[in-house]
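One structure is given here, and the rest of the page talks about it.
Here the chain labels run A, B, C and D in written order, and each chain numbers its own residues starting at 1.
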Amino acid sequence: MTNPVRNSVTAPVTMPDLSVQLGSLSLKNPVMPASGTFGFGEEYGPFVPLASLGAVVTKAVTLEPTPGNPPPRLAETPAGLLNAIGLQNPGLEVFLREKLPWLRDQGATVIINLAGGTAEEFARLVEALDGQPGVAALELNVSCPNVHRGGLAFGTDPKVLSRLVGFLRPRTDLPLIVKLSPNVSDVALVARAAAHAGADILSLINTLPGMAIDVARRRPVLGNVSGGLSGPAVKPVALLQVWKVAGAVDVPLIGMGGIGNAADAIEFLLAGAGAVAVGTATFVNPRVCLEIREGIARYLSDNGFSRVSEIVGLARRGY
Amino acid sequence: MTNPVRNSVTAPVTMPDLSVQLGSLSLKNPVMPASGTFGFGEEYGPFVPLASLGAVVTKAVTLEPTPGNPPPRLAETPAGLLNAIGLQNPGLEVFLREKLPWLRDQGATVIINLAGGTAEEFARLVEALDGQPGVAALELNVSCPNVHRGGLAFGTDPKVLSRLVGFLRPRTDLPLIVKLSPNVSDVALVARAAAHAGADILSLINTLPGMAIDVARRRPVLGNVSGGLSGPAVKPVALLQVWKVAGAVDVPLIGMGGIGNAADAIEFLLAGAGAVAVGTATFVNPRVCLEIREGIARYLSDNGFSRVSEIVGLARRGY
Amino acid sequence: MYLGPARILQHTGLTPAVREMVLEAPQVATAAAPGQFVHLAGDWERDPLLRRPFSLGRVDRQAGTINVFFRVVGRGTRRLAALNPGQTVNLLGPLGRGFSLPAGEWLLAGGGLGIAPLLFLAEEGRRLNRPLTALLGARTGAELFGLSAFQEACGAVRTATDDGSAGRHGTVADLLDAHLEGRDLPGPTVFACGPKPFLRRAAGWSSRGLRVEVSLEENMACGLGACRGCVVATPGGGYENVCTSGPVFPATEVSI
Amino acid sequence: MYLGPARILQHTGLTPAVREMVLEAPQVATAAAPGQFVHLAGDWERDPLLRRPFSLGRVDRQAGTINVFFRVVGRGTRRLAALNPGQTVNLLGPLGRGFSLPAGEWLLAGGGLGIAPLLFLAEEGRRLNRPLTALLGARTGAELFGLSAFQEACGAVRTATDDGSAGRHGTVADLLDAHLEGRDLPGPTVFACGPKPFLRRAAGWSSRGLRVEVSLEENMACGLGACRGCVVATPGGGYENVCTSGPVFPATEVSI
C-alpha cells in the first residue's frame, strides 16, 4: 500500500468507484460546493450539471428574509478572501417556493445549510424541511463569524452546542450535519459534543475571523469591520482541524477550507474526511468541483485504489 | 485629519519622530523582528545594524538546552509557512554566557522571549534575567503551538494565564510582555486576564496551529505532524485579534502576523498596536525591518503626521 | 456565457496611465451589450486569488474581438499588464446588465476608466442613430483616451482634467452640471460611469426629472450572483448584486 | 555574503529535465567554495513565499558569474524557469559549508541534480591536481548533464541510468558499490550528493574506513542559521542546521 508504483501495476485498471457513504447519506462522489459559495445552484447551472456533483450545498437559509451586511462585503487578502455577507438570503418561505423545486428538478443531491439565531429558529427550520422531497441532508451553520446574534456562540461552547443538537435531533429523520466553528482552542472537544448529541456528520471548517484595513482611508475595508477568511491561506489550519476531529470522533466528516485542486482535496481525504467541499475556488473556476472529481479518480487509479474510502484517513496510520 | 493631501501640504515638512513608548519600554522605532525568526541576532548582524531596530527579540530561551522537534520542521503553504521548530535553543546558561553579551555589545534594545513548561520554570527564567544589564524587557511565550508540555495551555485559559502572570510579576522590574495565543474563541478575554494580572505589554499573534500532508507519501509533511502557521496568509486573522484586544485593554500592544511591508505594518498601527514585529518576511528579505521603518516614516510625513503615536488606533474612531 | 481562454491579440500602453488589451473572444463579442463586463484571470492561481472585472470597452463582432481598457492599480492589474500578445487570459463573460438603449438623446459622462464602457455605448448609439454628447474627465490629459472614437460617434465631445492639462480645468461632474444647467426638460438620458462622488452628483439629476443610469463598481468574487458579495444598498433598505442586477442601475434604484 | 539582485545572463534548457542559469554575481563568484549554495527569489513576493536554495554548479571567478542547474519540481522552480536573460533574481549567498578539499584521490558520486555541486567540485579538484573519478546517475540519459566537463576534469567518468538509456542500467549507488567493492584501503575520499537512499548507501562506506562527505537537502526558510528549520539529526541525539553546519557533512556526523 505504500509503494504507489507497484500498486498501479498490480491493480486491475478499472475506473475507481467514486461514490461515498457518509453514515446514511449516499453521495455519487466526494466533491461538493461549500455553503454560501454556490448560491442555490442556479448561478452555476450553466457550467456544471448539478447532478454530477457529490451534492449541492445551499447558501444558508434563515427563517425570515435576511438582508445581510452593508458593503463592502469582500476583501481579497494574500491567498485568501474575507467575506462579510451576513447570511443574505430570501428566507425559508421563498426558498421552499422558488429555490428547492428547481434544485430538485436538476436531480441534485441537496444539502440545505440552515442558520438560526436561537434554538427555536433552528427547530422551526429543521421541522419545515423535514419531509420535503428532494432534501438529502441538513447542515447546521453554528459557526458563521459574520452575524452578531447567536450564531457563533453555538459553535464555540461544547455545552451549548450539545444542547442545540440534542434539541434538533428528534425533529427530523434527515441526516444532520453540524458545521463546526474553527474558532476554538480545542476543536476535538466541540466535535465530540456534537457527535454525542446526535450529529450524523460533521463539516469543517467555516471561515476564520479576520479583517483588513485600508491605510489610505484609515478605515476597515469591510462595512462590517470583520469578516470570515477562506481560500488557500486557511488550508493548513483546516487540515489540522480535520485531522484532530477525525481522531476524536467516529462520525464521518466533510472537510473544507482552501481546497483548490485535487491534491488539496486528497490531503483532506487522507487526513480523515469522507468527503470534501470547495468554496472560494469555485469563484475563480466554476467547474473546479468536476476537475477535482476527475483528479481524485486519477489519483486513485494511478495508485491502485479502487474506491475513495480506501484512502480516507490513510495518512493517519501510526498516529 | 481625514484628507491626506491637505495635511501633507499644511504640515511642516520635518522628519517624523519614530520613537515609541510602550508603557515603560522606550523603543527607537516601532519595528522589531519577531521572536524565533531572528535567532539571537548574530545571523542578521551582517545585514542590519542591530541598534537600528526598534528592538531585537530573541528566539525563545528555555531553562535547559532544548533540542527541538524532528525534521522536517518547515513546510511552505499558500502565502504561509508552517514551522515546528520546537523551541530549539541552547538553554539559559549558554544564552547568558554567549548570546546576551554579544547582543549587549551591539547597542541593541534587547527583548528576551522566554518559554517554560511550568510556572516554576518561567519564574526561574524571569529571576535569572532580572537585573542582567542590557535587557530591556521579557516576553513570555505562553502560546507556542509546537511543544507538547504546558506552553499552549497557559495561553488559552484566562484563569491559568492570569495566575501565571501574577506569579511572575513580582519577580522582576523589567517590563513583562505577554505573547497571547491566537488559538482561542475570544482573545479579548485572555488579553484582559493578562493585563489585569500585571502584563505591561501584550504581543500578538503567535502562529496558528496547522498542518500539511504529502499526498505522494500519504504522510504529514512535518516530523511533528502539526506546526504553527505564519506569514501573509495569517495577516487578516492577526489584524482582527489586535483590533479586538486594543478595544479590550489599555496596555500597549505589539502587533504581528504576516507583516511583509510598510503598508501591512501601518494596518497594525491603525488597528491599535503601538509597535509591530516582523517574522517570516525576514527570511526572504533580511533587511525588511529597516525598509518597513522607512516606509512608516514616509507614510507619516506624506500624511502630515509628526509621530507614530498619532496613528496608533486611528482606524478605530467611531467603532 | 463563455468560460475559457481568450488569446491576447494586442496589448498596448494607450496613454501612460491606461492600457488597452484586445482579446480574441468571438462568443463574447457576439453576445455583449454596452455596460456589461468580463471577469479575467491569468494562470497565476493564487496571487492574485480572484478574477478581476473589466468593462467591455469596445467590441468588434465581425472580428470576434473585445477590447478592455485598464489602469494598473494593484497586484492583479500589474500582472495583467505584464502579459504579452500570444498569451491567454481566462475569461468569464459577458456578465451583468448593461445600459438601456432608450430612444432620444444620450448624454455619456465618464470619468477616468469610467470612459471605457461609454466607448462601446457610443458606438452602439451611433449604430442606432441616437444624438450623442460625450463628457469625459480625467486627472490629466494623459489619462484621456478614446477621444477620436467619441468624436466620430458623438455630435459633441467635451473634456475636463483635474489639472487643466486638457479641456476644461475641473471634473466631468462640472462638465455635466454645466451641460444640463438651465436646459429644458425632458433632457437627454444620462449615462454616468466613474468615481463614486461623480456618480452621486450625476444621480442628483434624477430628481430634476432626468433618467440617469450609473455604472457601479464593487469588489467581486463570483461575478455570477452566487456569493452576494458585490452588493449596493437600495433605497428600499435591501441590497442588490452589482454583478447581476448591475453594474448599470437607474440612479433612483440604488443608494450610492 | 552578498544580498541583492543578480542579472540572468543565460538561461537554457540544458536537457529536457535540467535547466541551467548563468547569473552575474561577482561577489559570490569570488567568495564561493564547492558545495556551497545560493538562496534565490524572484520578484513574485508571495507565491512562492520563501527563497529557494540551489547549489553552486559552476563558478567563473574571472567572469564574475555563477551557474545553477535545476529541475522544475514545484511553484518556485516553475517561476524561475519562466525568467529570461536580462531579468534579475534576488540572491543571498554564498551560503553554508562546502566540501573539504583533502589531499589524495577524490571520488565524486552524484545522482540527479546532485550532480550540480560536483561539477564545481570537479573543476576545483582539477585546479588542485587531485586524481578524480566521477560516478553519475540519473533517471534517464536525458537527465545526465555536465558530462563533458567531468570528462575533462576527471580520470574516469562512469554513468548509470534507472532506465538503462545511458551508461549502466542502475543507480549511482550501484556504481559506487561496484567501484569501491574489493578496493584496498585507504581509498578515495567520497563526495556524495543526491537522493537520500543513495546518501545512506554512500554513508555506509564510512564504516569501512573511507571518508565520506554527503551534501544534504532540507526545506529552508532563512538559509542563515537563524530559524533552526533545516536541521538534520546527529548521532549524538541533537540536531544541526543544514544551512550553516552543512549542507556538506562528514557522513559520520549526521543521521540521514
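Following the convention adopted for this analysis, contacts are C-beta pairs under 8 Å (C-beta built on N, C-alpha and C of every residue); 3 or more make two chains touch, one makes a residue touch a chain.
All values derive from a computational prediction rather than experimental measurement.
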item: Partner chains that chain A and chain C have in common; value: B, D
item: Maximum centroid distance from chain C, chain identifier (CA atoms); value: D
item: For chain B paired with chain D, centre-to-centre distance based on mean C-alpha positions, whole Å; value: 37
item: Distance from chain C to chain B - Cα centre to Cα centre, in angstrom; value: 45
item: Rounded Å distance, chain C centre to chain D centre (Cα mean); value: 55
item: Touching two or more other chains - residues of chain D; value: 45-47
item: Junction residues of chain B, two or more chains touched; value: 75, 78-80, 231-232
item: Graph class of chain-chain contacts, one of line, ring, star, complete, other; value: complete
item: Touch list for chain B against partner chain C, complex; value: 78-79
item: Chain A residues within the chain C interface of the complex; value: 36-39, 43-44, 46-47, 59, 67-68, 70-76, 78-81, 83, 85, 88, 231-232, 260, 280, 282-284, 286-287
item: Complex contacts: residues of chain C adjacent to chain A; value: 1, 3, 41, 45-51, 92, 218-233, 237-239
item: Footprint of chain B on chain C - complex, ascending; value: 46-47
item: For the chain B and chain A complex, residues of the former touching the latter; value: 2, 4, 75, 77-80, 82, 156, 181, 183-185, 208-213, 215-216, 218-220, 225-227, 229, 231-237, 239-240, 243, 258, 263, 266-267, 270-271, 299, 311, 314-315, 319
